[in-house]
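Below, subunit A partners subunit B and then partners subunit C, in two separate complexes.
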Partner chain A sequence: MATKKKVLLKVIILGDSGVGKTSLMNQYVNKKFSNQYKATIGADFLTKELMVDDRVVTMQIWDTAGQERFQSLGVAFYRGADCCVLVYDVNVAKTFENLDSWRDEFLIQAGPRDPDNFPFVVLGNKIDLENQRVVSQKRAASWCQSKGNIPYYETSAKEAINVEQAFQTIARNAIKLEDGLVFPIPSGIQIQPEPTPAKSGVCC
Partner chain B sequence: MSRINMNSFDPISVIDKITQRIECIDTWEYRGSKYLFLGTSEGHLLIYDVVEKNVQGKITSSVMLKDTKPISKKTPITQMNVFDDFNILVILTDSEIRVFNLINFSVIAILQKTKGCNTYAYSYKAGEYLHLVAAVKKKLVLYSWDGSDFLEIKEYNIPDIAKNIDFRDNAITVCFKKAYNIINIQDGSAINVEADKLSFTIFVQEREFLIVKQNMAFFINTEGSPNRRHSMTWLETPSAMAIHYPFAISIEPKQVEIQIIPDPKDPKTISQSLFLLGCKSITVKKDIYVSSPTSVWRLAPMPLMEVVDEMVSNLEYETAINLLSNTQENVPGIKEKLIKIKTKAAYHLFSKEQYESAMNYFESAQVDPLKIISLYPGLLPPNLQQKLSVPFQVKDTDKNSQALKELEKYLVGCRKNKMTYTPPELSNSDYDLPTLVDTTLLKVYIKGNPQLIPHLFKVKNYCHIEESQRVLLEEKKLNELVLLYKSKELHREALTLLAKTKTPKDTISYLCQLGKQNMAIILEHSKWVLQKCPEDALTIFTTERKEDALPPAQIIPHLKHFAQPLLRQYLEYIINDPLNPDKTPEFHNDLVFEYLNAILELIKPDKCVVKRVPGETIAGTEPGLLGVLRKKLINFLETSKYYLPEKMLSRFPFDDLYEERAILLSRIGRHESALAIYAHKLKNFQMAEEYCDRNYNKDSEDAKDVYLSLMNVYLKTDGVEPLIDPALRLLNKHYRSINTPKALNLLPTNIPIDELYPFLEAVIRDNTKTKRDNQIIKNLFKSEHIKIKEELIHLRSGVIKITDDLNCAVCGKKFLGTQAFAAQPNGTAVHYVCFKQDKYQQDRFQSQQQQQQQQQQNGYYD
Partner chain C sequence: MEEEQRLNIKKEKETWIDVDQFDVVLLGTNFIESILAGALARAGKSVLHLDKNSFYGGFDSSFTLSQLATLLEESKDVKDPIPPYLSNVIVTDNSKIFEEEERLEQERKDKEEQEEQERKRLEQEKEKQTEQQDTKDDETKGGEGEESKGEEQQQEQTPIVKKPIKKTLHELGRFFSIDLAPTLLYSRGSMVNLLISSSASKYLEFKSLDQNYLYAKNTLYNIPSTKGSIFKDSTFSLREKRLIMKFIETIRELTQPTENEQDKQEQEKKLEELNSKHDGNFLKLVKSFGMTELVESFVLYGLSLIHENLESISLKQGVESVQLYVSSLLVYGTSPFLVPYYGCGDIPQAFCRLCAVYGGTYVLQRSVESLSFDENNILQGIKCTEGQPIKTKYFIASPAYVKTLDTQNTYPTITKRYSRFIGITNKKLNNTLEQSFITLPPNTCSNKNVINILQLDSICVPYLKGKTLYHFTTLSEGESTAEEDLKSSVDNFFANNTQEATSTDKPRLEWSSYFNFTFETLTNDIKEKNVLNKDGGVLVCSDSPIGSTIDYASQLEEAKKLFEYICPNEIFLEKVPEPEDIVWGEAQ
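The block that comes next holds the complex of A and B.
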């Protein structure tokens, strides 16, 4: 029987400068938002524990610099990532168009074993800015679909819209990859689902 | 584990065979002078001057007794420490801790709570803090130095009498006989771990300490769990130990043993034994001294570079690197030396097939990427294989998956760096570093992770075209080759390859991605797909592009030439584009002709199964394609504002397509001709009337007489029976929009007056009504006029008295002499000049407002 060991997930957030990567992470982890813009230098990470299917998971979220002059990260930074979050600003078309190259660049840097099935999640941020939107939900969704059905969320770090849900999906997808590595399940063999243990004093 | 010998310290005897028994030892450095302190069993403190001489680069030292201080009577000094920063001396004797000022040797304090103390430890950071913890029976007492005295901070109960303690940062480790404790002084938490036969505990670094048990030392972290897989093994059981990073110095019965604290990744025992018998105490500050009960030795470190060189010659690169990176000594040339050793280490590890470690060293030594790529001769382009040499025979690195994986990681890292210089080996070749790196990466991908190739070609890359082409062709990776061509903008090559090896759809989707700037290529390579797969091929021209749309002026002739049947669809697409409809008259004309030609083709007599009678069926309701096309044509003729109807008429047949002809005639204002078609060719009076309803406009010279024209068409027929009935119906219904005398003139004289009666009656009634209405209006105006006249007379009859204190309401000045003035309706007077000016300005203001209003209105109706 598989042991329910503690899982550490490495999640990397990428996207153009100013799309709200740091804000999303801060909203999710600290429940805080600031209107002030401060460029991220290099990379920074925060951790958060959460429950995914009765499992305690520690998510290590790496926030990166969108501005090229602050990108000083080595290959080691990308290697071993369990999920990559691509963020764009729904009000700036260019940030959406650049998702392609962020994704390509990530795959090259991370060099995953199965690039076509590596988990990505796309977040269209800043939906709180009414009437300025230029990238339609349809356009974003169809891009995501063309890249192998990447989950897509429209978020607002400012108003805390969809942030929780998005990161829950991120964790779920990341854990799939992790599980795949720890317990490779041969195809064609059915594995009985484990009976869920009676909940007794779940620690937090 | 094998032991590797080293030669890191040289013992120098400084005191030999004194009469007192030495218990403990420490040093003091004060104003450039060095002192050695010995604490003895007899309770004396012996103070020696240390004299150092530099003889040919080697430092020799000797000591001279300077002073003897009696500290206690007959009880030994068990522990003793000098804190140079504060110039204080802490002594444990007679089961209590005493603190001395070293400058005047006065007693600062005797720590009362330490009565019964058997050992103590400290946590000390020069210039910042000094904490002291004393083990007193089953208690720990924590003190903190405030600059002049030790303040008591806290007490902790412990389960047993402590054998030995150590203290670092916030953690105190306590060693008992059969257990050890870790106490966090911040939150007071304690961890108890049971063990057996423990000797002592000592911190190695922050949050990691050693538990010494017989001749083993285990690495434990401050959570109480083992921190490393390995332990350190000593020749004998240590009785005391000191850490002088990266060395651990152990006092053993027959020797002093020095080991390098092993690298966690590659633990090895690298040691040196100094045969100094019966040692007991050690001090490791700047200088290292060890003492036996009767003698003292100084351990002089060998020059660092010598130790390092010794390691290197033993192939102990990692230890050497470890030593160099961790030294606190400031030796010149360390950086260069490190790079040199790392490079050597990297090659050595590479030859041992330890690719990961090798690459790490290559990277950290910043070795030229060219040198690393050369280690994979199988991946080099043929013309470089001879030029680049490898320092040793490499195995088939290009077939070893681990070696390839590490190379991939390394190359990907290289891509992130700016590689601006070109190594001399690459001069006269068509490679520079970025090109070589990317081309090699491509080859690595081909062997190990082909799924990544497309991603490489989608980002900016410097792959060498011919070489990449060669290897991709070799592996038959044609899709990838197309992507390579695309990334290098070699569209012709890509398209030629696609045409040869793939379906028309692939060519089409490739062409869809090219923009206006590649128009020539699009035209050239669309030819064959337009002919082979016309329906899909049209998307080449109709797909939405990021940049500007393709110019229709080039596409239309192209389609006319190579895919005439698609022209109509294309024109419909550009003209009906909701965002940017094309307004070029030429293209609108073209579309009309496209429809027309298609229709004419369909109505050719030999194409029709049933004989067609022109005008019999309502246009657009014919079954099949003909109906569809005519509907479209009529709709287009009616809605498009841009085609040129003058040019059309001659192309339309006279004896068919009447509806279309009528629209064209209407467009050029020939209403009568249009109406004649409805009346005579189509015999559809309703359509004719509707036409008039649509076009009638009483204010337009062209359109005010359309009903009359229709009357004319009905009545003035050449040789055919005039259509009296419809004419009368029209007249009765629309008499208001028809000029009555002209209508009467048109009517044939033989119409009985009876039939005209409703018309005439309506006209007369209408006219009478108009006349009466006008009379009423006239009289209303008249009475209003009189009313206003009366008001004017009334106003003019008013009197204004001009006095000296009366001021003009406009300029505020007085009226002088016979100056002309104006009397205003409200009874005030103003200068005539002011009145004029004021009025002028008001007029101007009003007219401006009116203008603005008009402009706004125009805006709305535009």
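The block that comes next holds the complex of A and C.
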């Protein structure tokens, strides 16, 4: 079915605090990196238009806004996600070990209709600090394989390594999900400053 | 021993918050606390926002069917005064009975179909056989074997069609977002305006209701939304229609926005005249039109949605309420009302996210154990349930929390009790549009107070064909239970079993629940003075999500007042710059 409609994809980024979620978004969308760690103030979501197989796609990438620190992301954050990006820091073992619980959290809160085939993408970030590395590529790749062949990228938000490629895959897999839904949940009304009246001839 | 203790403390400290000083600590993520948290963080305050529950919103939460069922089950024996606390809970789950009935019915149909097919097959075979016997009469050897082979082939050709397994209501229950306290938003109301002006609207999607109805004299009356539909309407007489138009015209004259000073003065003069003529009472103004009973109901319950203490509503309040209704028509749809697409529970979450984006710290499943004051009764800080002491100037929570935490001071509040019914049926009410709001004036179904009914479909309709969600809400007085307050109106609209449903053509209740909840609110008087009494820094906010006006206007006002107390001269929820306008730190 050839759909010509505008595609809007909601992508959410999960992972422990400090693994570089905001930096990855920011590197991808704004091509910028800041070494200063600010526990995500002012980061909300970023949008980027890109081409995927001749289709113009608007990707909305949602940051956790720091609410992940105490596992306090509300269900509203997860609504309508088309792809979930799981990020860990290759230099901190705990952040890798927590991927399981982030994946579970997503599946419980977002409740995707087909949990076995929901598109996840895993990013092992901060590979530029190579000599401090504690999680091997093999270990990460085998985890991804065990969870239904989740695509895996090793990235550096700082050096812009693999960021572009990772987000291309994220977009492609998100579209696949959107296209595959027999009954997509229709999008609701967005309220705006001056809505155009539904009909002319307003009463009274 | 000591070592163990030290280990325990260390373990506990791992869950501690990395900062131990905040400008403001809020406990509970009800509507008012959440808006306030968003506003405070937006204005640059450091905010710690806690909630004892594992979910956001307290009374202002939305649940899937199974989450709601769990909450209702748990609240049967827990006497925890932490929002949302429910009482007199009754749950009736008939879905399994109906699903079994449907399954048996389907089996019967399948069996009939199979028998029919079998009969046809036998007939065909018989024909074939006679044909075969006609043509191959002399052939006797090997015939039998071939025949049985043919049968096998035929069986292979028509394999039993695997029907998709029909999912149960509970399996599909996540396609419902069920509010504990559903609230409608006027398209031009203060809540919608705030969502737009604060940019929090980007976190939300809405649906517009299709139609509003008034239920009177055993009939559902359309509440018309345009001049045209009033005149096309066949339920009102021409005289009644003129009266309605006259009433609306009067309101319009009083409230039409104008830049012209002269017109403004004219309006004020008119309002004053009416005020002195009717003792400033809205009900008296309405009565002065000499309407029929039906039209009066239509105006009082259909157009104005302030239904509590109708006798004492001021003329100004009533006029503004009708004006709000009329100006909200045809903005997003024919009804003046919007509801959040995934339930009202997303509104507090939108403001909490706004707060988080501006640096607010969120910890769910964490409460406050105690407050500490200095010798002058000034708040010094709080202690979290994990034992962490946190310094703060302000502590804000709903009355139930504050009363248990601060026993030195008194916080006078009034309680408001509501009766609720939530039901899921197999279809919507006859002759109604899918998303509808129905008002039942007092004494229509032996009800003392107005009952508001909200009819909604599921989030993903194709999965739940026909399944419809109902909310009944009414103010409850005295000690009557939700069932006592609402049963006769529920029975008026719905059937409890298949037999009744077939004979009456009423929607059938597949799952339903009655419950009460009690809100503590601050009286107007207290709002002006005592809440903000405490120079000590402990502030109380109401837990009432259902104001007397349907919309969230009164809660917004309260949030704003508390904000202004903490941040005088600051802008309340200033618009957030677009992401493109945010300047990011330079690369190093």
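Observations
In this text, the second predicted complex is superposed on the first by the 167 of 204 C-alpha atoms of A that agree within 3 Å, B and C clash if a C-alpha of one lies under 4 Å from a C-alpha of the other, contacts with A are read in each partner's own complex, and residues count from 1 in each chain.
By definition in this document, a contact is a pair of C-beta atoms (placed from the backbone, for glycine too) under 8 Å apart; a residue touches a chain by one contact, two chains touch by 3 or more.
This one's a predicted model, so the numbers in the text were calculated from it and none came from an experiment.
Of the two partner chains, subunit B and subunit C are each touched by A:111.
In the superposition on chain A, A:47 makes contact with subunit C only, while subunit B stays out of contact range.
Of the two partner chains, subunit C is the only one touched by A:26; subunit B is not.
Counted by residues of subunit A touched, the larger count belongs to C, out of subunit B and subunit C. Legend: residue contacts after superposition of the two complexes on their common chain; A:79 is shown touching both subunit B and subunit C. In the superposition on chain A, A:66 makes contact with subunit C only, while subunit B stays out of contact range. Once the two complexes are laid over each other on the shared chain, residue contacts for A:101 go to subunit B alone; subunit C is not touched.
The residues of subunit A shared by its contacts with subunit B and with subunit C are 71, 74-75, 79, 111.
Residues 26, 30, 32-36, 38-39, 41-47, 65-67, 69-72, 74-77, 79, 111, 182-183, 185, 187-193, 195, 197-199, 201-204 of subunit A touch subunit C in their complex.
Those residues of subunit B whose C-beta lies close enough to touch subunit A in the complex are 405, 408-410, 412-413, 415-416, 449, 451-452, 455-456, 458-459, 546.
In the complex of the two chains, the subunit A residues touching subunit B come out as 71, 73-75, 79, 97, 100-101, 103-105, 107-109, 111, 113-116.
Per the touch definition, subunit C reaches subunit A in the complex via residues 15, 17, 55-56, 64, 174, 187, 192, 195-196, 201-208, 224-230, 245, 248-249, 251-252, 326, 329-334, 338, 341-342, 345-346, 349-350, 352-353, 356-364, 366, 459-460, 462-463, 576, 579, 582, 584-588.
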